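One structure is given below, encoded as structure tokens.
Naming follows writing order (A, B, C and D), and every chain is counted from residue 1.
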């Protein structure tokens, strides 16, 4: 697994805690912080959702999340941190976090947007939705693609 | 001043605390949270900055911040919360926060970006930068414009 | 106090306007048919830094931005809003 | 164990692939010149739900996505990566 030496893993069991990702003080040369968090919704295609179980293929998922941080830093000149939950999450809980710190807001927003899109297309993670009627289904998803795409 | 009944004021003395804006649980129908925070940078046009004093014309600034929340909610179908600091801030401290909660990420990012741009063009607030050499200067700025612009 | 067809108005000089005008607050006697334009005319004649930005200033009364032809009233409180730089 | 020109490979069925294949993990005997393509051929013949998505699957070995012509080795561990839906 490609986890940094002292940093927490990017793939974590259970809901993410946004505050943890924002506790670090802003680097003095960064004037902009853009954050994206994805949470479990209570509806999907008008079907009542009670929770989502996130599955991952961990070795590649960890590596891809790390690559997204590096590629985003390279493309936008920002500091990026990303993390994704695995396991059972309830409605309202946070499944994915992207934090971008940059000199100015343009790059911060662009990097944040690019990173969440890259996570959705390039990281081997799957949503298994749990419905109010007791059923559970995997969403259909999109074929896995490399990190280094527009 | 146009402050909501129970909500804290949108214009606040001293640095903002981002965690406070993120403590509320996500509404169950919102799958996306986009956040922007602006922090005081240590450099402006290659001059060393030690801090910024933010001045505001409070009656209109409060009203405009409230209008930005309403207009953003109307335009993008999101929940928006904005706040801006006044008074002395040090390098790295947070001067402005925008929080957008939406069904999906597209609207959340769009509303967040629109709101910070609207704050910069439509709210009567001024930066007085403090420099390492002891000088202090107001930035030149842009003429005040209405909230309801693209 | 209004006499001889003149009235007093009060001006809050926001942000850098306090430096341009040399004070955070000003009180002025103006003719009782004065408008925002009259006020800016008077202040610009005295304060060249303000005059330079005259077209880039806004003027507010309370929560409202008022146009140049806004008729001032006795003891009205106005705010001079220089180009903004928040964020 | 390799004998008679065959070898064993191990397959982790990720996400919905576990349902399509009826197991989280599979071990298969394949000819010792088998490729990823051979593996997908075998599994598709058995599992119609997998066959339907065959062109939309990726296959990984450890941290690496491997192409269809990747030559498998004895006891190699592979992962079937169905279309992804994280976020």
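Note that in this section a residue touches a chain if its C-beta (ideal position, glycine included) is under 8 Å from a C-beta of that chain, and two chains touch if they have at least 3 such contacts.
Bear in mind that the values here come from a model prediction, so they are computed numbers and not experimental data.
Farthest from subunit B in terms of Cα centroid separation is D. Rounded to whole angstrom units, the spacing between the C-alpha centres of subunit A and subunit D is 27. With centres set at the average Cα position, the gap from subunit A to subunit B is 25 Å. One inter-chain figure worth recording: subunit A and subunit C are separated by 51 Å, centre to centre, where each centre is the mean of the chain's CA atoms. Taken residue by residue, subunit A touches two or more other chains at 38, 116, whereas all remaining positions touch fewer. Among the residues of subunit C, none is in touch with two or more other chains.
Interchain contacts (touch definition given at top) occur between A-B, A-D, B-C. Only residues 12, 14-16, 19, 56-58, 60, 62-65, 79, 81-87 of subunit D touch subunit A when the two sit together in their complex.
Looking at the complex, you find that subunit A touches subunit D at residues 1-2, 38, 54-57, 59-60, 62-63, 84, 95-96, 116, 119-128, 138-144, 146.
For subunit A in complex with subunit B, the touching residues are 18-19, 22, 25-43, 91-94, 103, 105, 108-109, 112-113, 116.
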